[in-house]
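What follows is a set of structures for review.
Same chain, two partners: chain A is paired with chain B first, then with chain C.
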Partner chain A sequence: MPAALALIAGLGVALVALPLIGLIIRTPWSRAGDILGSGSARTALRLSLIVATTSALVGLLVGFPLAWALARSQFRGKALVRALVVLPLVMPPVVGGVALLSAFGRRGLVGGPLYDVFGLQITFTVWAAVLASTFVSFPLLVLALEVGLRSLDVRLEDAASTMGAPRWYVLRRVTLPLLAPQIAAGLVLAWARALGEFGATITFAGNLPGRTQTLPLAVFEQLQTDPGGAIALSLLLVTVSFVVIVTLRGRFLQTR
Partner chain B sequence: MSLHVDVEVAVDHFRLEAEFVAEPGETVGLLGPNGAGKSTLVSVLAGLTEPAEGRVELDGSVLDDRAGHVHMNPEERSVGIVFQDLLLFPHLTAEDNVAFPLRARGVPARDATDRARMLLGRLGVGERANARPAELSGGEAQRVALARALVAEPRLLLLDEPLSALDVQARGRIRSLVLETLRTFPGVRLLVTHDPMEAAVLSDRLVLLEEGRVTQTGTPDEIRRAPRTSFAADLVGVNFFAGRLERADEGTGRLVTSAGEIVVAWPSDLPERSEDAIGVLRPIDISLHLQPPEGSARNVFRGRVVGIEIAGDRARVQVDSSPLLVAEVTLGSISRLGLVEGTDVWASFKAVEVTLLPP
Partner chain C sequence: MRRLVALGVAALTLMAVGCGSSGEPTIAAGGNQEREITVFAASSLTAAFTQIGKDFEATNPGLTVTFNFGPSDGLAGQIESEGVADVFASASPTWMDDLASATGVTQRTDFAQNKLVIITPPDDPAGIGSIQDLAGPSVQLVLAAVGVPVGDYARQVLRNVGIAKAAAGNVVSNEQDDASVVAKIASGEADAGIVYASDVTETVAPTVHAIEIPSDVNVIATYPIAVVDGSKSTDLARAFVRYVSGPDGQATLRAFGFLLPT
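For the complex of A and B:
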């Protein structure tokens, strides 16, 4: 490899590594135990885990039929639907939050009638945090599942049906097990994305400790008052993400 | 208990018209070149493709009837299929693959597994029950696929190119297993193949399928005697003798067929007798003479030329001997011997030229 290339590549690595090293160096290790053990940090972490896990599962439930439709059926406006599904991935999350507000806010398209008729309010509840996280993360699941469904040999499912297997049995014993790697990869990716979600959540769900204040929101708030604490919490998030990547590499993303 | 097929199928721009009957106790070979519509027909019988017209009836129950708006779904049919690419479930062990058709029909796991294991044992792969398809050899995978097709005791057994994926060595062993399986299967049995040789060896009756149409039906011998298309004529290209193999004198044996007997070289690893032996002879190994030939050939048959088919500088000559023979000779020989239809000739070939298929 030419020296110039190696230098630029090294710069690329440094771009990612330096902030991480800074994070590790600047962490107030003497207080780290107290900060991470504090009630507010633990509440935020627990909420983050609950929200991310729920979003990933809701995403799977909604994403699977959608991926099925995109991979296996022909309908008008399919290209439009696919573009729509991918949009949250490229849209600025804060815009996503504003969009969610205009749909599910108290005066929103759906949120308005829901509030007027049933007295139900979504904003500023944990469900808003879940909805925001699902909005930004489920496209990842749909994409992973669609790729999986496309690469699956339909003849295996056909063969299963000639063996007397009704549709649901084929789904349960053939389709889903064969899709397991893609389902797992999609779940982990969506979960990681949901765990880091900030913009849509703070816009749509607000920043209420114990209800909608997830770990990234807690980091942001702590940064105003206690930068050291924010750094310690950040390191916690990085660690969780890192574990996810390592798991992914080992199990699902076969690298040569 | 029989299979009646009379359908028209339209897939994209391809049209298939097929009409045939298969009775239990006979193996019907659906023989045709690639693109003839064999896969489409398999798909129709499986219930995966609905015919555009016509009827399929198995054992008195209607599987498809366009006029009556009947289409039985694949899972409701009693059909056991060995697919061309086997299509074993890669995530299941051999045993779970075989148990699948039983489990799908609600047989309890214990029962299903027991029956699967027993069948795998009977087909000689009992010790591979816990292996996944990726760990099986070609021959083993074929046996597992066969077990899976048989386990639910279907009324129709359908083998789609059962030997095509195998190497030559495995092919011999699996061929005998397939033959044995077909013979002992009580229901309707269909064999789909593009290989005339395989079709002739494994089937009692052939249905020739070309370009989406049935071009000829009959026993392999009937088709050999009067091929109606060039593809059918390819069948003529194989001399094959099925019958009882007995040891004769030193180093030789007798293959006794219903149409006469031939002398073959005795392979050292064979038992004293074999009931279901098959000998194959290439037409090019038969020589024709106007006088009783002198020389070492052990097989000499008298017969009358009943057909001459010229291809390039060679000709295939059918001789109405017992057994029926087809020789391939040069055009030079034809003119030197003055062969025309009706000429009386002597056909001879050496015992060692007959290849015995593993019985």
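For the complex of A and C:
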């Protein structure tokens, strides 16, 4: 590797590593046990794990057929649909939250009738947190799955079909196993993005401990009163994401 | 890989050292001495201070006033660690005290006061007639978070009325600042919120219904302003502070719903 390239690559690593090192240095380690062991931190972490996991799974359920359509079928306005699906990735999360309110709020397009007719309210519930996280994270899944489906060797599926396998069987025994690495990678990415979600969540779901206060929201609230504690919580969030990304990606993608 | 990291860290250290000598804040640098000031102000001051900034610039041709609006606690923290503000205007004495002991301030003055009001969506879905109604069953209440001045003041009001516990059970969200509380109510998402009277601006007024809080239980927030130690434009910063607490600044603040200091 040329030295100049290595230097720039090293700068890239430093860009990400230095703030993390700063976080570690500023963590009040003597109090870290108390802060992380506190009821509110545990509640927020548990809620975060539930919300992120549910979001990733819901994203997979919705994202797989969508990725299939984008990768394998021809229809008018496909480019438009693809751009639309990626939009939440580039949208400021707060804008995403406002958009979600306008659709699913109790005066929203869908949320309005739901509230007026059935008395159902999504905002300020854990479902709102899941919806916000899914909104911002499922594009990652769709992208990963679409790339996976495109790079899949169709002849393998064709071979199975010509040998008389029903479509459902082909999907279950050929397509999905071949696609497993991309599914895993997409799930991990979407899960990590959902875990860090803040803007759309606080705007759409609100911030209430035990119900919608995920770990990033707890960090924000702690920052008002106890910056040291907020740093300790941030470190917990980063560590959880890091461990999951390293173990799962390493396992499914066999990257070195 | 280890080499990569080492190289990166070394390069960044070099850059940091290289910048150190010239890395002082560059506000008012160069030939245009003292022609720009940076004011860090509480987000509840956004509308009023934007107007005051324009007026102040008009009376001082060639001068630029740059604002950074945000939560008082966050702003104090930013000034303490980055030191780029000439003037700090806080929504509570607490965060001015904090900055005064950490960085140091001069010419501290209380320049405005703000009282709290209840806001509901215009059609008032929960039928809020008075502050006691905030404790009623199934009222969805939105407050700013604990630690945000307006959130602390709102909880103080609820304690004054004696409904702190019941109202706390009605809270569906602890928001980042007063503007977020207004947004939740204006969109009709929650039934009631507590914000500053100055938050109900001309633009906001048609989107919410404001209910007065009796003065015997209301909390009056005091806003201090001061010149931050280490400012490169001390004279201009002082002039700005004088302008804000002078007749013109005070008239503007009153027009934007603030009370004048007693």
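What we mean here is this: the second predicted complex is superposed on the first by the 231 of 256 C-alpha atoms of A that agree within 3 Å, B and C clash if a C-alpha of one lies under 4 Å from a C-alpha of the other, contacts with A are read in each partner's own complex, and residues count from 1 in each chain.
By our rule, contacts are C-beta pairs under 8 Å (C-beta built on N, C-alpha and C of every residue); 3 or more make two chains touch, one makes a residue touch a chain.
The structure presented is a predicted model; accordingly, all values stated were derived computationally and were not measured.
Taking chain A as the reference, the larger set of touched residues comes from C, when chain B and chain C are compared.
In the superposed model, A:Phe124 lies in contact with chain C only, and not with chain B. Applying the stated contact rule after C-alpha superposition, one finds that A:Val174 touches chain B and leaves chain C untouched. By the touch criterion defined above, A:Ser161 lies against chain B but remains apart from chain C after alignment on the C-alpha atoms of chain A.
Looking at the shared chain after the overlay, A:Trp68 reaches neither chain B nor chain C.
When the shared chain is aligned, chain C comes close enough to touch A:Ile202, but chain B does not. Of the two partner chains, chain C is the only one that A:Thr225 touches; chain B does not reach it. Put simply, chain A uses no single residue to touch chain B in one complex and chain C in the other.
Residues 153, 155-156, 158-166, 169, 173-174, 177-178, 180 of chain A are the ones touching chain B in the complex. Only residues 3-12, 71, 73-74, 77, 140, 142, 145-148, 171-176, 180, 183-184, 187-190 of chain C touch chain A when the two sit together in their complex. Chain A contributes residues 6-7, 9-15, 17-18, 101, 105-107, 123-124, 202-203, 205-208, 212-213, 220-221, 223-225, 227 to its touches with chain C in the complex.
In the complex of the two chains, the chain B residues touching chain A come out as 46-48, 73-77, 79, 81, 83, 85, 87, 89-91, 100-101, 103-105, 148, 152.
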